[in-house]
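Shared between the two complexes below is chain A, which has chain B as its partner in the first and chain C in the second.
Here is the complex of A and B:
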């Protein structure tokens, strides 16, 4: 039984190998896949090394700063770099559009700067041809080119009747042809599998690597079932190819962009600039931590004086300016985080709406799943922003603590006019170790896999529905 | 003429052809509507921001009554309003900022901030007319034209039809021409309708329509070329889609890599680090060192460089300026590099008609890389004007008055580029 199926599948493979067109297309695609995979892998691993190096350099620079007033270090600030995760060699995801470095300083949440997309040459088409894009968009074209005539050819060449007469059932024929096309698609997964293996040795997240292979395999099988379905329903190769080209056109080019447009009009999200402006009024209420004279801090002053039973700020055991800086930073951060969280929630909603178009196009499903698994999706970018903010807040407050506990208030207020006080207001550089090392890693493989459950579910649903219809039709196949 | 009429009737009855044309009309209409919506929302955002920005500056005016802290705390909104044709090609507005708020501190620390949309969106791209015209239209034309001859050949009518026709190629030529013209109309009609709604200039619309027509003409030529090999329809279609893939996808990607490796840019991260070091080191340097470096570029303030206090605002702004001066070579290289990349891309675009169409439509719409760089330059110019406004007030220690504050330059009053 199985050998019968295999021999039909083998006959199909032999047919492709004899057809110059099929061989040519296969070779060109194999070359395309290998080339884009290599280029993407090289580009991303360069970026990994470069940014890791820059991150270390930034930390060393911060720690090697000389003695100075701690608030100067708050404004001196620190840089964090988003180091692409290992699987980004397959799918760089949002890396090219989000900017690679971010400046962390007191009182502000900056955006990431230097997005590649802003500096790259504008040549239309797709942003960059990555391995992920080659698999998601262009490999299905190859499958269509070699597979659109799978069953029709048997019909057109009058070999269907003899096959059926020899006792091959329609379902057996369906499975044999499916195996032929699926075998070819899975062979094309080889470059991807090699890259996944490479990524696995880098971060040993076996679930994520396996997930990437799994989701692309599933995706290609969806296309196989679709192609086979069209090939068994339609009576002419030309029409079959036309229909499949149309399906590809809408699934790969139209629906993803419609998804974007729908999501952006369903959930309008204000930009960073609007958010910043809208926040200004609230921030004024918090008060400026540089100015201890605002009413809100006068109250704080009275409270502190009462608590320590003192009459002058100079008599407090803590530096009042440092206290103000700490309180203001905490309140300010609370406001900034609230707005940032709201904005991220809106973006996540948008992403969710866009991803739901995976029910309409397997391309949308696989690209969302692939980014989630590779750790290059929006959710991971948000985690990076949150982690960077945590580092920012910690080092700023650490410096403010030094300001509060080690710097005498009298020196602090006189340092702008008294050179001696200015000298004493410089704190030892040993204090700069309040800066934590910035290590950002995407979620563990299991969590990323969990985040990709919806795309997986979509693709499985696609596969089941298409195969079920295909089998129903195959059962009644007639010459 | 009767031949043309007859072909027109065939076309009207050919369901497959009508399907492709219907799809073309639908996607074009949709892209135009979405583009119009996007432009409207950008305009709404800008006008809202202008109001907020004004209110915000009013509020700052109440809070700060000296030049130093006013300059420190006041942000100024800058923006690049979309043109009337921008609906057709949103272009770089997707990834590059078209709104930016800056203040009189060191510019290099502010100018590279991105205020982009959801990164997922920028990654996938927008569904604008340029995308339809450059990427989808060739595919639809390929679907329309790949079987003009081969279908009749497969049906066994080809020899007969050729023999009875007035001239050997004429029925096929007329048939293909009708389909190509119909497709061009499906693109141009919604574009012109949208253009009229958006008040776009007639010359822009004519030029864009011409580009679309030429692009379709090019792909017709490709189809005709493939048709000469007398392959069967499926082979034709496969070869044509291969040609599309090569010209619309692979060529741009290869050219992009080529451009990027041919023109290296200084690393953005390094640019930022140099700038920060320059600004922050100034705190520890002797004040005279900063003031000397400052005066080199601004000799008119040489008489006012005496700094007697450990902190004075004029010294603070002087080292902000010196910070920008220090990073200038890198910043220039970064900017020049991007300009060179764009120029190179403009030349290479001739190898890929879809790329060329995209770039030309972006040029017409004022949404190209060049426009985005122009906006950046205008922000730089505005920042320079802002500094020129503050420097006399800071260095001569002028009195802070509302009248003097009223003279502060505003983005909206700056001369905008002639568009």
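Here is the complex of A and C:
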């Protein structure tokens, strides 16, 4: 039985290899895949090195600052960069829309910033043509071009009757044609497999690399089944091509657009101005840490004096201004984190709703799974934001501790009028070591694979449903 | 004698329309029968029913004593079928087509056997390795006939086998059919060609609008059926 299936599949491959149209299409798509894979790999690899270099430079710059008042260092700030994970050479994911670096400073959580365009050509949007996009959108088009006539061609050219008369059953024919198309599509996964192997040697995340190959293989098999199904049902090649073009259009363009709009409608997100306005109102209530004289801090002052049984701030063993800075920073951060968590929860809800449209479009399913496995999804970006915030809070509070414990209150308040006090108010640059080295890595391969379970489930469901319908139809194939 | 093909009170409907009505005949081993009739007479439908592509609405169509529609695999294993238009792959050459279909039928495909079969159907040697999309209709038909021979199946169902062949090739084909029958093959062929049918068949069944309207046997000791009688009956029903 297997040799018969292979014979039919081989004859189909021969047909493609001897058809100028099919060979032309195969070559064009192979070139497109190689080109986009190479360009994406080079771009992301360059970004990896560039951001790693910038991260090191930012840390060196911070640590090389001269002796100075610790609060000046709080405002001098620090940059952190999200270094793209190795699998981003396949799917850069949200990298280009969420920003890749952040400026960390006291009293505020800045939004992520975007890298400058390296060339004016990128302003035209060509940089968005990634390997992932080529596989998700364009490879199905190639499969449609070569596969839309798989079964219907046998009917149109009157070879179906002899095939069946030679003992081939409808199901065998269906499966052999599926093998032929699946073989061609899996051969197209070669550039992806090479990139996954490269990524594997970069960060040793074999599960994630295998997962990327697995999800794209599954995705292409879904398209093979879909194409074969249409080719079995309709009665002409042109109709088959038309129907499949419509299916592609809705799966690749219409449903993803509806998914985004539905997510936005189901979980409305307030605008940045509105969010910032609400947060600023709350922050004003917390008080300004630069002004120790605000009523809220007068109570703190009284409590401290009572605690140390002192009558003047100068008599306290700690710098009151530093204490105020610490308390204010903690309170501000609590408010900012609450708003950030709410915003991230809202974004995650929107992403979840959009991803659920994978039940309607395999393109939506594979894109969500691909981003999760590559470590370039929204969840990973949120992890980056949280980690960056943790670093920010730690170094700001570290500097505030230096302010509190090492800088005398009297020097602090007199430094603008007394040159000697100003000199003593400069803390040793050794204290800038409070800055932790920032290293952000996405989740391990197993966790990323677990996060991609839903897209996998969606694609498996697509494959099973299409196969079940296909087998049902194949049983009844007649000349 | 063993009955190889048998239609008994066979009625078949296609797309809701009755295309065969109460047709009965038996074909013994080594016999050549021809189904003769105009367009829509039900000739090809009869062949497709023996192949199990169509199920009888009533009556039976048996291959080697078993109901074809209930034993499809066995029926198709026993039958070599030559469809109306020689249906082979244009992107393959003659050898590749033969090897392909023979592998599907799990039959042997040795090169000398392929050459012998192609020589029997008189396909020029220099054409055998050319893709069949460059073949004339007659050349394609020859390859299809060679395939039917190579199958070595005990039964041959041939739908318009001489369509597209030149007169010399038709004579050669008729000799080939008689030769195959003498070697024990059972052959049922469908044709419009009264003259050819009379020369090659042991018995002719005349079909008209799905009904069997006449049967003509080769008289003992004669080398052909009475062409005039068949012509007359055919003409009567065609004008009716």
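By our rule, the second predicted complex is superposed on the first by the 463 of 479 C-alpha atoms of A that agree within 3 Å, B and C clash if a C-alpha of one lies under 4 Å from a C-alpha of the other, contacts with A are read in each partner's own complex, and residues count from 1 in each chain.
Everything below uses one rule, namely that a residue touches a chain if its C-beta (ideal position, glycine included) is under 8 Å from a C-beta of that chain, and two chains touch if they have at least 3 such contacts.
A quick note: this is a predicted structure, and the numbers were derived from the prediction, not measured.
Quick check on the superposed pair: does A:341 touch chain B, chain C, both, or neither? Answer first, second, both or neither.
So A:341 meets neither chain B nor chain C here.
After superposition on the shared chain, which partner residues are touched by A:314: those of chain B (first), chain C (second), both, or neither?
Neither partner.
By the touch definition at the top of the document, which applies to A:272: first (chain B), second (chain C), both, or neither?
Only chain B is touched by A:272; chain C is not.
In this superposed model, does chain C or chain B come into contact with more residues of chain A?
Between chain B and chain C, the winner on chain A residue contacts is B.
Is A:79 in contact with chain B, with chain C, with both, or with neither (first, second, both, neither)?
After superposing on A, A:79 lies in contact with chain B but is clear of chain C.
Does chain B (first) or chain C (second) touch A:281, or do both, or does neither?
Only chain B; A:281 stays clear of chain C.
Quick check on my understanding: which residues of chain A belong to both its chain B contact set and its chain C contact set?
none
Can you check the complex and tell me which residues of chain C touch chain A?
For this pair, the touching residues of chain C are 48, 51, 53, 73, 76-77, 79, 81, 83-85, 87-92, 96, 100-101, 103-106, 131.
Which of the residues in chain B come into contact with chain A in the complex?
So the residues of chain B in touch with chain A come to 16, 19-20, 23, 27, 30, 34, 37, 41, 45, 48-49, 52-53, 56, 59, 63, 77, 91-92, 95-96, 99-101, 109, 112-127, 130-131, 134-136, 139-140, 143, 147, 150-151, 154, 232-235, 237-238, 241-242, 245, 248-250, 252-253, 255-257, 259-260, 265, 267-270, 272-273, 276-277, 280, 283-284, 309-311, 334, 337-338, 341-342, 344-345, 348-349, 352, 354-355, 357-359, 362, 368-369, 372.
Which of the residues in chain A end up touching chain B in this complex?
21, 25, 28, 32, 36, 39, 50-51, 54, 57-58, 61, 66, 68, 72, 75-77, 79, 81, 93-94, 96-101, 103, 110-115, 117-129, 138, 141, 145, 148-149, 237-239, 241-242, 245-246, 249, 253-254, 256-261, 263-265, 268-269, 271-274, 276-278, 280-281, 284, 347, 350-351, 354, 367, 377-378, 381, 415-419, 422
Once bound in the complex, which stretches of chain A touch chain C?
Result: residues 3-4, 7-8, 11, 14-15, 18-19, 157-159, 161-169, 478-479 of chain A touch chain C.
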